[in-house]
């Protein structure tokens, strides 16, 4: 088997995650899907680093994780305060961008 | 280098505008006087330009040139030829009268303080327009010209939309709505034209590599810069469209009646006598110099459009009920003459067109300002509301009559010279068009005399029975204009001497020679 | 000497400027200023005339070049005057009659508070008319041409409070403008053909171009002449022009301005000589008009309108003569001058009558005035005899020569034209006799007007009668003075070359037949108006009479075709401009608005749908990159 | 499991050293990839399509663990461990906490509210995926070189060397980012008390004024036989009071109905007493019968 398959897998997961972001209304689940996408990217990075035979890919993946952690922290905090203010975790309820 | 005269001529009103705007609200009269003085000083400078300009000298004189935007080869290049000098003189001459005529137009209304109209702004805007018009007459860098050609719209927009005619039929709200409609229409029309021109300007830069009118014109002349036929035509159309909107050419004219109808009379004069001239002037300077071949290619179509403007404008003027709209349509007809003269490509036609710009400026100013005085007295723009004014205000009626006669280009008054030159210049090359255009003079007589008859003669209407005659200020506005009309009608030589060399140049730009008279041709 | 020429024009022009700008403070002396300056230019004219008589025929023409007017590449128009015998004739006529009428007006306009302005306008007219006849090129002539048009506009509409007057003035100007259009086209044609429009060069170069061009020029000049001289088809304004004060009718619409057309044609003689078709049309126009005017003159009850009809018809004679070419030019001018005298006299007489009858113009309300205003009666009577061509008086000589020349045209044309001229003479005799009888003979027919006070006819003041007497002298002796020994012919010949026509029938025969028709005309008139009393209310009259009362219906034609049609055209155009031209633009704007309104719906504010578009965009980008790399 | 996998990949690392530029991996890894890959995809799908967020979270955790395995298999040992510890251990738990806080909301339903959203999303997703795969497909990456030398000095040391030399700035910045994030989270979730805390008396008065439940809410679970939290307490008149159950359960509709429960219990009691009485009665009869026999 060729490690390229890892890339295909990553692409698949990424797409699923993306569709999830578009389909789900629950902010938390949307968030999870985002995490899924991030992980897919990480997988791709790792596979790449293996292909190129250096660790830079892994470094990037590592940083991605860190950033993802930070992002999750903030994001969840936002969700919580959002829920507090409007008693719902639906992304559609926060549609104040409408004209 | 010598004293930058042209910059000064344009900068003075600009500075004056800022200063006027800065005058505190309470000191309204001070602002008026300041504006008047600045405009007079500008007139003085313009006279200096006129004197310093040597008709037999080289084409562009008093030139200034500084690098501005190096990356795009945009330069701050000024220079005047005879045509520009004449028009600068006209502008500088008219603005003081405009200011004087609009002395009270921007006074705050006692009744509804809600519609507070800051006088300072009014006069500052007028001066701003003057500055921009003057510099766009001076600019010999296409980009520089474009900038001010467009920037002009901003003050004009506020002048039209902000300081409308107080004489209106409906309620204030209705009037305000009408006004903003007119202002927006004016802005949109001219912006559309300007944007298309911008595209053409960029295209020109792509083709030519710089914006300098002189360099490009020379390169075009000596063939070192040859455009593909289609490129040239597209660029020409891009430029011409903008100018045709500005100098309303049928069917792009509909903004003018609204704008002139809703604006106060002085602003209307500003529009038709000063700002619109930039359009015709630019046709002469940019279209013909930069794209001679394309100009020749487009000539037939443009002449037909101009002809339509002449007849159409005159006929619509006959059909108007509103004095100012009538004058507006008359102006459309006159602009038709100007454009016809420019594109007839004969020296008579082009000299006539240039003279026409000046004379039309003066005559329309005279007629429109008097009409403005009339309207402010009665508080209505409808012709039907007047009658028998001649009996109660003979001087007003007399000046109005002279203005009307100038509009119908009566021999002995300035417009006749230019109109006849345009006609004869067109006739020399395109007899049929020339003959049809001659009908314009009959129609002109029709609409002006009908206007005079309906407003001034007949039994005195009770509403006008108490109408006062012209005051000193108003007389001071009208009398010089009329004197000028008569002088230029009898002795236009000073003007033609300045204009002729420039026209000769333009003719050589387009590689056109005047058609020989049949008798000489036979020999 | 030639430097005086400019003064001829300058004097009345100065008067006009002073009087019109002077303001009220000049009111008491205004009329004197006007009169003095008018007569000043007459004096100058007389001096020049004397000087001219002093020279031999070849060197009589004077020229004065003031300055170059419109110097433009390939286009020379100068302010320059030329004074030859032809111009001189007109100068004397204009200034002479003009001065007399100034004097007359002093009395006539006494009670008008705008008398100063009236004199200003009269001076303006004199200046313009002199400019017209003194110009040495067609463009300057055009200036005078329109100048007199302006003056006549101002004077016809002098009583502006009368809507009828204002309308008449406007009508006159507009109809004239149509003629002016012809003149300007003619000038353009000259410019493109000869490269100039100064009289000398153009008239010399006529040989060098085709007849077609010359015919075109000629016809255009004729159009101009029709407008100014009230010839068919542009005659409609003259009748209404009688709304103006009577001195105006006398000076402008009888003696001088309306004859400018004749001047133009005679002045451009060479062009017409080289364009026989144009000449033919000219003669036809003249012939038609002389009948037209005469017929109208027969039907009008308004004394001034009747005289206006007669003016039309007399000018018809002149145009006819001018159309005949070298055999007629001199007689055209001669008749013009004599007509200037007697028609002016007739109008002044009419004015005097009206003056005495509180501005009543309906002849049916006159009658038997000879006892009340003898001077007027006598002068008017002399004018009457002159115009019908009573042997020995002015009209006799000039008109007789024209009829003779008409016959001399030769061929059937000659016969037709001569016949028409004769017929015209008969009708002239008829309607003038009618006027005479209705006004001065029979029993009095005037009643108290609606205000109840009866008009008490009285003789006019000296200032009015003296000019009438002078003109009466003119109308009696001028003809003889000119005609006997062909003085006038020799005087004018150097300018307008003259060839003696040879009528198929002898001159004496012509004269006799003229006498015959004269007698017939007078007799008929006497039978109808002298024998039985004239009804105060006009009888319905025959179809022709009714048509003639309405100027043979051509006014109705104008109204229906031009006025109505024009109104409809403009109204529909206004509509088109508002809906179509403007509508297109506004429509575009509206559709833009609608489109953006729809696009706005896409912005539903749901983060997820935005995300979808982002995602789709990303997909498209990838697709694009792939395609790029694939290609 | 992890250790075994580590060993597995270790073996892989060995063959990696033998052949520097390999064209394919060990069949073992292939096998593992196909099995776990399938599971991972299923997990991802479940994450998206599970109705309840808790389930989504769990599925996601599963997927992540599998990804950790793949990391290990790709020679990223450190990342593999970090993935398990940080992601699955910390972040997903954080998720669960939030889910718990937020509880079940109407947003959970998979019913689409925006018209056409779902189809657009699926379409885009499909197209995107296909394009991505196509991109990878024509990238022609059939050969690869393993991480043998890269990991020669140990994977962690290698990473450390890079992080603290080449990527040190990025590292520091991420540190700053993390701190900022922590502070940000606190700021966001912290609720500043704007007004003075109400005293008990005031609250009571408010309740009276609002004519609400005056006494403290009744306690749930009078029937201590079950997990009493989901049983509504009974009011004096015997009717169950919803108030006694926490809102989360209420919204989930997980309140157990006890109205029939009471009846059932009554029945059971009677039956039991019946039985006991019956036995007694039997003996009595027996006794009576003996007596009667005498």
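Read from first to last, the chains carry the letters A, B, C and D; within each, the first residue is number 1.
One rule holds in what follows: a residue touches a chain if its C-beta (ideal position, glycine included) is under 8 Å from a C-beta of that chain, and two chains touch if they have at least 3 such contacts.
Since this is a predicted model, take the numbers as computed values, not measurements.
K.L.:
Give the identifier of the chain nearest to the protein's overall CA centre, each chain being represented by its own CA mean.
P.N.:
Answer for the innermost chain: B.
K.L.:
If you average the Cα atoms of subunit B and of subunit C to get two centres, how far apart are those centres in Å?
P.N.:
37
K.L.:
When the C-alpha atoms of subunit C and subunit D are each averaged to a single point, how far apart are the two points in Å?
P.N.:
109
K.L.:
Just the number, please: Cα centre separation of subunit A and subunit C in whole Å.
P.N.:
97
K.L.:
Taking each chain's centre as the mean position of its Cα atoms, how many Å separate subunit B from subunit D?
P.N.:
Between these chains, centre-to-centre, one finds 78 Å.
K.L.:
What are the residues of subunit D that contact at least two other chains?
P.N.:
114, 117, 120-121, 124-125, 128, 132 - these are the residues of subunit D that touch more than one other chain.
K.L.:
Among the residues of subunit B, pick out those that touch two or more other chains and give their numbers.
P.N.:
none
K.L.:
Provide the list of subunit A residues touching at least two other chains, using ranges where the numbers run on.
P.N.:
18, 22, 25, 91-92
K.L.:
Can you name every chain pair that touches?
P.N.:
Applying the touch rule to all chain pairs gives A-C, A-D, B-C, C-D.
K.L.:
Which bits of subunit D are touching subunit C when the two form their complex?
P.N.:
My answer: residues 114, 117, 120-121, 124-125, 127-128, 131-132, 134-135, 138.
K.L.:
Along subunit C, where are the residues that touch subunit A in the complex?
P.N.:
Checking each residue of subunit C against subunit A gives 600, 603-608, 610-612, 615.
K.L.:
Okay, in this complex, where on subunit D does subunit A touch?
P.N.:
Checking each residue of subunit D against subunit A gives 23-25, 27, 29-30, 33, 37, 40-41, 44-45, 47-48, 53, 56-57, 60, 63-64, 67, 70-71, 74-76, 78-79, 82-83, 86-87, 90-91, 94-95, 98-99, 101-102, 105-110, 112-114, 117-118, 120-122, 124-126, 128-129, 132-133, 136, 141-142, 144-151, 155, 158-159, 162-163, 166-167, 170-171, 174, 177-178, 180-182, 184-186, 188-189, 191.
K.L.:
Residues of subunit A touching subunit C in their complex?
P.N.:
Of all residues in subunit A, those touching subunit C are 18, 21-22, 25, 91-92, 94-99.
K.L.:
Residue numbers of subunit A touching subunit D in their complex, please.
P.N.:
Going by the criterion above, the answer is residues 1-9, 11-20, 22-29, 31-33, 35-36, 39, 42-43, 46-47, 49-56, 58-59, 61-63, 65-74, 76-81, 83-84, 88-93.
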